[in-house]
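Chain IDs A, B, C, D and E follow the sequence of writing; residue 1 opens each chain.
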Amino acid sequence: MRALHIRLQHLFPLGELTEQRPDLGFVTVPAAYLRPTLLHLRDREGYTHLVLLTAVDWLEEDLFQLTYLLSNRSTGCDIGLRVKFPRQAAHMESIHDLWPTAATYQRELREMFGIDFPGSPRLHEEFILEGWNDIPPYRRDFDTLKYARANYNDRPGRETHDPEQHMKQQLYPDGA
Amino acid sequence: MSVRDVLSPFTAWKNLFRDPVSIPDPLNRAAAPRYRGFHQNDVEKCIGCGTCETICQNGAIDMVPVEGIETKSGDSGLRPRIDYGRCCWCALCVDVCMTKSLTMSNAYTWVENDPDLFCFTPGVDKKHWDNAELGYHCPTDRRITGQVRAHMRELEPETRIDSFVEIVQGYSVEEAILEADRCVACGLPCATAITSAAWNCSTPATRFPASAAASAPTSARTPALPATKATRSPSAG
Amino acid sequence: MSFDWMKIPYALLTVFIVFNYGMLLGALIQKIGARAGRRHGIPIWQNYVDLIKNYGQRTSITHGVMFYLGPVFRLTGGIGLLLFVPTIYGSYMFSNLSFAGDLILALYFVFFGTLGMALGAGESGHPHAAIGITRGLSQVSVAELPFALAVFAVALQYQTLSVTDIVAAQQGGVMNWTLFTNPLAVAAAMLAFLGSMMRPPFDVVIAPQEIPIGPPTEYHSAYLALMQTNRAIFPIAKMVIYMNLFFGGATSWPEFAVKVFLLYLFSAFVGVCFPRFRVEQSIRWFLIWAVPLGVLAILWV
Amino acid sequence: MALYTPDRSQYPAKKADGTLDIDLASGKYLKLWQGPNHPGITGNMSVELTVCGDEVVEGKTHVGYLHRGFEKLMERRSFIQCFPIVCRICVPEPDFNEYCYAAAVEDLSGIQSPERANWMRALILEMGRINSYLMYLGGQAGALGLGVIGQWTTYARDLMLDRFEEMTGARIYHMFILPGGVRDGLPDGFDQRMEETLREIESTMKDVHDVMFHNAVFKKRTVGQGVIDPAWLDQYGVTGPNARAAGVAKDVRRDQPYLVYRELEFEPVIGHDSDIYTRSDVRRRDLLMSVDLIRQILAKMPRSGPLIADMPSMLHWKIPRGETYVRGECSRGEYGYYLVTDGSGFPRRVNVRGPSYTHAMALLERMIVNINISDVAALMVSLHTYPPEIER
Amino acid sequence: MEQELKPELQIRKVKGPDGVEFEVEPLRDYYCEALPTVQHGAYIQIVEDFFNWARSHSLWILGFGTGCGAIEMRPLMTPRFDAYRYGIQWRPTPRQANLLVISGYLSVKTLKRAIRAYEQMQSPKYVVGLGSCTINGGMYWDSYNTIKRLDDYMPVDLYIVGCMPRPEALLAGFEDLKKLIRAGKAEGANQYAEKFDWYKSNQKRVIHDWDMPDYSW
């Protein structure tokens, strides 16, 4: 992994390589250099299999992180490219022309995180949720419990007691 | 498309002469000895510590007072009431049970047409599987809540007799953390009258010195991720 | 043209016997098919219970008159086929309403049920029903071709169009059944029999996996019950025709029962072991295998 | 003998930018839903077919019928609480979720699961693979009309479920592979009963081989149908038996051996002309290989030793910040978990990457054009897609 | 917030084969606008008991696996548990089914299809809820996309408990359902007709893009 990272650093201004396992490494890529890095990895380095394209929501740093995981079939190594960009009006260039299957990933990220990929085919079609009228559900600031309480009613008759408070009331009723 | 392709499918008919394999009476067929069926609870052994409620990820367990069991020191008088409209029979509550009182029988048939009847307190509400001995019991040699108690080092007897040095050497920082880690913060021992602040075990996350736990999400805007103890309030429903 | 009225109650008696026999035989064949899948299968009386349940449904939705007439046509096809052909040869009671030219009428009734069903299912407006009809009509009409050729071969061989005379010619010993006197015709007819019995090699019409049960998708409660009675009568009636033309008719009820059971078992025997043909594959299969046999049968007579 | 093959060049009419020019009002096209309530699909997904005559012109896969938002729920549960919910993601083979999640958590927290637990995990994964293949064979034969195969294979699968129930305490959702190890050992007398079950499965597979794979009508319906072009393997990320049937020897158990697959001898099964028949044959031979693998595992398995590593208290277990991706070879292809932790007691992000994600969406929509309506069910089952992996 | 309708659902002008221009409104149910009414059984009690006996012995299940419990329905129809012996059978179309099994959790998208399938079934129809997800939300009690109580949206006759109830539990459940039907207490369809508005308001509260007729016959 180290050798690959050094070779890449000559070409693109990459961040530090965090090596999770001998065959798996993650490296941060500035947004502008994403496409050339992907093309370079796919055509010259043999990382032809796009395993995964997903987003991580760092709410407290107000950043979205997109992870492109590529795998090299012959050597069995994986490399994850991390791209970070601000959460407001999140958008990233589409890579559906490099891998047709990326269009499906981008459709899901648009619906679940609200990240826009201009130019990706059938991007604004309903993919999983039908008639969704709230903010994209996978964002960290969407509270699923509050939504569930508001829209569906639970079965009544469920209340619990905290053992500590209950013991205090029972053993020392007047709080002496 | 050889002749064999036309004739060999007819070998399917040799099953006509083998007897069918249907289970003759499937309605009362016993499940495997280790099957995770419906819950049983030994009401005497249970001390109502609420750890099963803490670990239940479906919020299926409520601690409810039971008449005939009054609160005494060491027993909060509450018993777990399990809502089978939430339970997923993962038996984490059986694994984490402090006194090993909560177990599972291997009964699996319960059919009702009124949905509200599926909330029952094992051991208190009588059920036909209460004394079934087959079923899932937590393997005794393993506990979900950490290893066995860390041994406190002491001086050897030879040096002990000719000096007034403190015999018990106490824990190092790691041992202390390991030992503190084993407390499930059930609140029973510290529910005394004078509850001083140091012992107020409300949320275990705060009781650890900051260095042990990695940087807890500090920013206020992180959604109210329930620390383990605090799950009690939201699951109250 | 005298018409003795006594034949009508006897004919109704035949229909009643054949209906019950069809219900029980259908359940028995399903049990045998289930036994091939190593399970017990439905209880024998299950068809009756399903029939009563469907008649007992409280609501039913009609899509128009033709929708209602579809199952009625199909049932008339079944009963008509049964009535105009002698079930038991030689007995006055059970040679119900058969007359000189009933072979042609029987041929017409075999295809009449399918046409009525197509019109009714078309009215139901379900896309799956529409696809099922197009497949059903094309497949049954191609399956009809070898059957017609076989029937003409038999008619030429015995120089008559009356089923009673054909059965009379085949009496006396197994050797002079059409099975042995004209085996090619019987082979073509048996392949056609597979095609019209809606069993797996050729049941793409009511294929549950592709188009959920094709034409009868929209039929329910009382209409479905009408079709269930037909599913009891129509196969038995078709087998009566086959038995009379090719296997020497039946002189008594037990002989009738055994021969019909064997014919029904033949279609189930093939049906359990094969998946479905697509429509154009089944048409091509009939044209390659069954029709030449029929033509040869006619030439050979 | 090809009687008549119609010329397909300008048909159907295409717009300038290559998308299909279909106007339903013209009456030439019929929009047909092979919808969620349909016996011909595996699981709840629907394919919206635009049909002209009996031939599919365009297909769109619609998913989302089984969406429960696992990744959102897992962010609200601590690591031990995520363990029971994880196996609910994919029903025909739940153990792979448990293994991948447990391996990802161990990878990040630096805990090493003991030797005996690794053997137990490999045993469970192989048993789950056999169940999934048995259900596949029943579905493939059923989609083409051969109902009797489904009866036998589900019977054989049921015997295997009894072995699961006996070992793990549950039939389908075993909840047995815990982060850090396994929950319990083998019950006594298990090997002998397992050998009986394997022999019963092998005799059933012999019947299936005779009736299904030497069947003239089955061959006529499947040979040459639904061909996957090897060039698509990289574009559409095709993995598992679909890729192996196209001649590419890609098996994670061989390329990146995990658990104990280094010590087992097996050869990935390869097919060559990548149509529906070859894919079902590859899966049948894979099943027989799994039966042999189970025998090897039961022979070499250590019978004593710790079952679970010594873990910190699970109630408030915190894992330092990090991210990892763990993969395994499930019956449908490469199954992987991408886990990100931020040091709190809860996973920051879990992404489940099931093989059906690309097989059912991009690949199916590409392959469904120009095939007959009756073959849509057979094609969908032959890709062995399972919708909960797509929408989780 | 009202979602703008999909293009194929808007009102459109269509020219018939005979040149006549007419307007087609896809959302209006041309077949029947009436709401369901309470269907009473046969007048004589004996006949009703006889029909109930026949209905109990021939339960036709709709082949719609809505949740994860559907995988335990498969062993029911195959050699090992063989529900055919009890008169239970798969039917692919809602028209011919009289028992709808909601097998586990029900996401909102599937709920919409399940309601439509339920309404197309004929009058004496029964609903059985499997697993804990239909009683009080089950494991997905805090999920934004699954319903928590099935009896808010459909009249449910019977619940079978188990996080995926076993095939034996399913068979025991069907035996209990048969007793209910024979006793004449399984009148879910009439209950749906009586409290129709309550059910519809619950359903519309959860399904936001309601683009189908109120009662799809």
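Here are some notes:
Convention: contacts are C-beta pairs under 8 Å (C-beta built on N, C-alpha and C of every residue); 3 or more make two chains touch, one makes a residue touch a chain.
None of the values given here were measured: they were computed from a predicted structure.
Contact with both subunit B and subunit D is made by A, C, E. For chain pairs A-E and C-E, the one joined by more C-beta pairs in contact is C-E. The central chain of the assembly on a C-alpha centroid basis is D. The most distant chain from subunit D, with centres taken as the mean of CA atoms, is C.
Subunit B and subunit E have centres, each the mean of its CA atoms, that are 37 Å apart.
Chain centres here are Cα averages; for subunit C and subunit D they lie 43 Å apart. Look at where the CA atoms of subunit B average out and do the same for subunit C: the two points lie 64 Å apart. Centre to centre, using the average C-alpha position, subunit A and subunit D are separated by 23 Å.
The residues of subunit E that reach two or more other chains are 78-82, 85, 92, 109, 135-137, 139, 141-145, 149, 163, 166, listed in rising order.
Chain contacts: subunit B has residues 9, 12, 15, 20-22, 31, 57, 83, 85, 88-89, 115, 217 touching two or more partner chains.
Listed for subunit C are residues 34, 36-40, 208, 212, 272-274, each touching two or more other chains. Applying the touch definition to every pair of chains gives A-B, A-D, A-E, B-C, B-D, B-E, C-D, C-E, D-E. Residues of subunit E that touch subunit D in their complex: 8, 12, 14, 62-68, 71-72, 74-75, 78-81, 90, 92, 94, 105, 107, 109-110, 113, 117, 139-140, 142-146, 163-164, 166. Against subunit B, in their complex, subunit C makes its touches with residues 32, 34-40, 269, 272-274. Of all residues in subunit A, only 59-60, 140-141, 143, 145, 154-155, 157-168, 170-172, 175-176 touch subunit B in the complex they form. Within the complex formed with subunit D, the subunit A residues making contact are 18, 20-21, 23-24, 26, 48-52, 54, 56-57, 67, 69, 73, 76, 78, 80, 99-101, 103-104, 126-130, 137-138, 140, 142, 144-145. Contacts from subunit D toward subunit A in the complex involve residues 63-64, 67, 69, 71-73, 75-76, 107, 234-237, 250, 255-256, 322-325, 327, 334, 336, 338, 340, 348-349, 351, 353, 357-358, 361-363, 366, 391.
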